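Pasting a structure here, questions to come.
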């Protein structure tokens, strides 16, 4: 066939004054503003747009819209672009995707010669032997993968997201959809109208009928005058629970694409109908197009689809296509009427000709074969709402059965009528949608604490009193006995489906999986009905008996960029963060927190703390403010140890276990006042412990009087550690006697530090040194940190980071929950079993911890490699001698700058837990080294004199 | 996105809440047998239908509440939004 | 409550309050929309029974807010929880009024000024901007003037109060202080489309 | 196999390139892949669930133990559950010795499958990368690698540079919010054509006389002597099953269902430590091959591989709340896309074509429940969470042995239901929560 641009059409959407130049496979082409890529190429006489997936048969325009399986092209770095939908832009670099070396000469076209061997599923039946060759076979098969190329350097450009809560969303902007939107808006509802196409109007856009055009103008004017929000070139991609909708907007001014998430009170589905191909031998040859394609080409873009056409018409659209073709100068060789028994059995002729062979074998010369063989009802959005469409043989298509009553169908999806009938049904649907939305809004408002109070009862759920649309009779035009293509994007013929059914893949789901029919880019919008029909014929059943497959989201493919949108990655920092950044800190990410790992030399930081004094920013340390008379009971319930007698100003260490006895978290809690406590948790456990506390208080002990407030970042937390820490504190601290007797280890005081009142000081420390843990009101945290740095310069004060702290806590043998313990570590395994007070009436995990006492459990122990210079990897396994039997593992391991040797914590089988036990550690290198379990966790200062100092 | 009817806030997106699982009573820790306690820890009815379960309104009122939901249709016993009674395998 | 009644952290002798927003922002084209950092405003968290004497005194049930006589703004942030904000003096006055309730019910109050960042976004397109970072319905019937709600904003849990300024939509947004800088930047990004500009802190907090 | 010959039905034509060519030339069609049989009134064993686990169990009952009077019942069509909805990843780099030994056997059986079942299951051992974005997850990767090595499994921790070599499309720079710090590299890991595994086991079992019954729903399990109502429950024994097509008497019932495991077991009076959650997956439109390995990120809750058709197949972690409805959610695809683009910014223009979900039976310790129950003759092969497909061959083999011999094979001792009575859970949590 030869397509060419014709004179100006009254309905055309192109601006012939605006010429756009672009490249197609490297060659220069041009088109007009308003052209799609495909219409511009067609107008320039291009016939072949792609090669088919399996047989590499030449493919041309079929439907000339978004769903055309033959018009997938690469545009720059954008693969699988729908050339039938994407508007032409100046300078586009458009390439065909599935052909090598070129569209017109494709080497793999040879595959078509072997077609009889490449029946569906052939690859399951071969390439099993020799096994060692399979990887090679696989690489070859992979070269048949269809689709375009991605460019790994493509940036994730600005994509946007937005939420919206309209009363009514209308999916589809044909005459019925527009009327629904207008009517709902007229009832006072907020309405969002979503048009998949570049302009509203649906099938009216490409109708040359004067009445249709008048109606279109009227509807557009009404929309402009209304409050309806209209989105064009946008698609409702999915309907999820409670009418949660995904809508992708492809033409947003500031974003590549915008994903709109809409909570619609009611959804109106008005997607119209999709014309389905006609299955006969050679139905995929360039020059065989649908009636919709013919009319779009002629009326929207002024393109003459061919010189001499045979029109197969089984409905009014086919007749209209014939008329439109004549108007643009295509000679009509014949009109074969499908309603009176006319059929096409195959095409013949050389490459440019598509002579139609009719039922009686006669052949009609032509270069264009236009088919109007029926419709697919895109019931996707209704499927997603739980509906199961039902097939009506009289109308030869599926119809909705029983969607939820907040999803309403109108337009072609719901039935047939003349334009006025469709408009009336649309308007009635809009009114119903608005009425039901009002009831939903009333319910939402009456139940939402913050909402404007509503008066009156909830409106009754409006009954559906719409006059149902009729169903025009349509011939069932299916044929399974030819080699006609059922799925053009997958190269699946009716023969393939029949063969699959005979092999036993005879349910629609199995046949789909086995042949991959309907698995392509349009997900069956063109193919499903013909696929089901072929299976039905092979089984000797009806289409209704076979049933159809479930349409899953999205309605139309959705880019990963649009789904990701702007990526939110919350980051937490302490008030002291600016100081760290100004002092060559090396940052480590701990969950959402950015924390100082070290400032250049962790070992030096350790030595400075051991010899002088260091500061570490421990702001992320979890802190819960607990108030009320029942706090001690709460502490006794959540910790394994006792809390009823903690005096004001005292601090105690506690371990928490879950109900299964597994270690959950640990930390110290101090009593700040009569009924006022502060609980500290691990940094990573802060959020979880807070919820854990609330859960117990709200569900198990609602009568207890305790108020819990997370104050983790209400305070900047600074640990001042080292032999000279008391001296440093004395220079900045007012109102507190820092003397060891007055302010001993494991106590807490409130103080004014560097002029900041309301600071809390704890005499505790993870490092094992004399230390003061300061909690400073966050708005003054940086000030206090800097004050400490300034006043301590002569004491050699310096910052230290997490790494230095990890080393020092390991020197002291303090375990870290989640590193030295794991998801099965029971309380007693930590070596702190004596903490567990089973004589308490109740506490979390009590029964398991009681039974655990009689079980032999793995133990957390301190381990020292015999060779002090070998530092085992964390995760190195402890094995039995030269065997592969696992007896434990190293959980923490560092080189100690204080002891000048490697030191570890690990978990070992109970019989290895005794001090002095020799164990074998398997390094990652494969080397096995000797190591010794020591009889307490602390590698350094086991008596703890330094921290009491 | 499921709407969960929080008794304090009103209907909220499920992502605003934390799921607490099946509601079940905690046995007396001092008298429970290992079998009873571990049934409480591990065994679940897991029905395909109405289930009383716990939710925590994490981004909202921060209150734990218990409510009945049909695990086959995601309908809540607390009257759901009118019209959305259909769920199930789409 | 005595301990609570003296707002120590905002005591005058303290050094200047450091905001969580530490970056500086170049003057932007004045659009319809302004964003300001009000983190220094004194904020207290009050806890009591949802319908006890303290609740009556505060008069702002969950989901609503009220400007009290003393000048402070009271937000019913959760059932049995209130955020009281204003100048140190205004807040202290309101909190002090609650002292009497202690004999009748279990209640507590703590200074949360340092724990929460607070931003204000004002402008006719403020709701459209929030739609880009928060899944709530900001229409007048679901979130009217005075409404108080908690929700995820750009993946950070926030308390939000609608507190219009001279009839123009305005929202107060509170988050954990450590997220302050991140959230401030996320709001600026969301506001660009509407011509957002960063304004100096007004330290004003209550409706007229 | 010689001893089996007597029981073999007339062998249908073998699949091979030659047979394809021959039939192609003569235009012959292939016979049914499995027979359509009438439901008998009694079988030596009934397997509930026509997925990979049930079909493999039936296959090994016939092949290894000569039990061919076996029926596999499925309420829909074969492979309609998790078998056809998973992302077809196979690996053995688990955390615990028992897990490693078990899954290693499975990989071994997958390697032989194409030849043994005479169907190309397209096992593509393209390598499996589990990325670590934090020092704690890197520590877990080292832990897994060490246990894997001791179990004879090829697995090691590699750094960003090597990762870039294996998988150039990954962003190994320090720009992302959560930079890639390293990965557990597992060369034998890969993907399989999951449907082919279902059809292969069904076809091979059919050849040995096993009957596959589709659209056959079990409505009750008939018991006697148990301490519960109708003789169900502990101490009782199985006598048969009730189906929508009538009653069947049998001494052995094996529950190989996923998603409905609790409901089926309740029919026998057995309560399970299971909650059912949907697991979602999605597939993109095809593009030319660019992703050579399977990539998993636990911290980002995503796993991805590229099929031979050029599509990217994604999965994530299970939905947060218990649920029997298999609808996809938008928030799943949003989160998925965000995480994938953190790993591979270059794919932002690829389009999601379809999303779906399947039901996963989650257990407290991320390990299955296999073997005998307090009801004599009622066996379970359940609790497969998100890792059932990769375990299908070994599960079938071991469950068949348990059913045929009445003894629990060593390889599945750790997965017994009784572990929840004595509180001795399996330590897979750390690794399995990292997903696929």
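Here the chain labels run A, B, C and D in written order, and each chain numbers its own residues starting at 1.
Just so we're on the same page, contacts are C-beta pairs under 8 Å (C-beta built on N, C-alpha and C of every residue); 3 or more make two chains touch, one makes a residue touch a chain.
The model shown is predicted, which means the values in this text are computed figures rather than measured ones.
S.K.: Touching both subunit B and subunit D, which chains are there?
M.R.: A
S.K.: Is the number of contacting C-beta pairs greater for A-D or for A-B?
M.R.: A-D
S.K.: How many angstrom lie between the centres of subunit A and subunit B, each centre taken as the mean Cα position?
M.R.: Averaging C-alpha atoms per chain gives centres 24 Å apart.
S.K.: Suppose each chain is reduced to the average of its Cα coordinates; what separation in Å results between subunit C and subunit D?
M.R.: Averaging C-alpha atoms per chain gives centres 52 Å apart.
S.K.: Using mean CA coordinates as chain centres, what's the subunit A-subunit C distance in Å?
M.R.: One centre to the other, that is 32 Å.
S.K.: Provide the list of subunit B residues touching at least two other chains, using ranges where the numbers run on.
M.R.: Each of 1-2, 8-9, 15, 18, 34, 41, 58, 62-63, 74, 87-90 in subunit B touches at least two other chains.
S.K.: Hunt down the residues of subunit D that sit against at least two other chains at once, touch-wise.
M.R.: Touching at least two other chains: 327, 329-330, 423.
S.K.: At least two partner chains per residue is the criterion; list those residues in subunit C.
M.R.: 62-63, 135, 149
S.K.: For this structure, enumerate the chain pairs that meet the touch criterion.
M.R.: A-B, A-C, A-D, B-C, B-D
S.K.: Give every residue of subunit A touching subunit B within the complex, in rising order.
M.R.: For this pair, the touching residues of subunit A are 240-244, 261, 263, 265-266, 383-387, 403-406, 436, 439-440, 443-444, 447-449, 451, 461, 550, 552, 659-660, 691, 694-695, 698-700, 841-843, 846-848, 851.
S.K.: Across the complex, what residues on subunit D touch subunit B?
M.R.: 260, 262-263, 271-276, 320-327, 329-331, 364, 420-423
S.K.: Quick one: which bits of subunit B touch subunit A in the complex? Just the residue numbers, please.
M.R.: 1-3, 5, 8-11, 18, 20, 26, 29-30, 32, 34, 37, 40-41, 54, 56, 58, 62-64, 74, 79-90
S.K.: Quick check: in the complex, which residue numbers of subunit B touch subunit D?
M.R.: It is residues 1-2, 14-15, 18-19, 21-22, 34-35, 38-39, 41-48, 51, 53, 71-74, 87-90 of subunit B that touch subunit D.
S.K.: Please name which positions on subunit D make contact with subunit A in the complex.
M.R.: For subunit D paired with subunit A, touching residues are 15-17, 19-21, 24-25, 27, 29-34, 36, 77-80, 84, 97, 111, 114-115, 118-120, 122-125, 134-136, 139-140, 142-143, 145-147, 150-151, 157, 168-169, 177-178, 193, 195-196, 199, 214, 284-290, 308-310, 327-330, 333-334, 336-338, 340-342, 344-356, 365, 423, 425, 427, 429-430.
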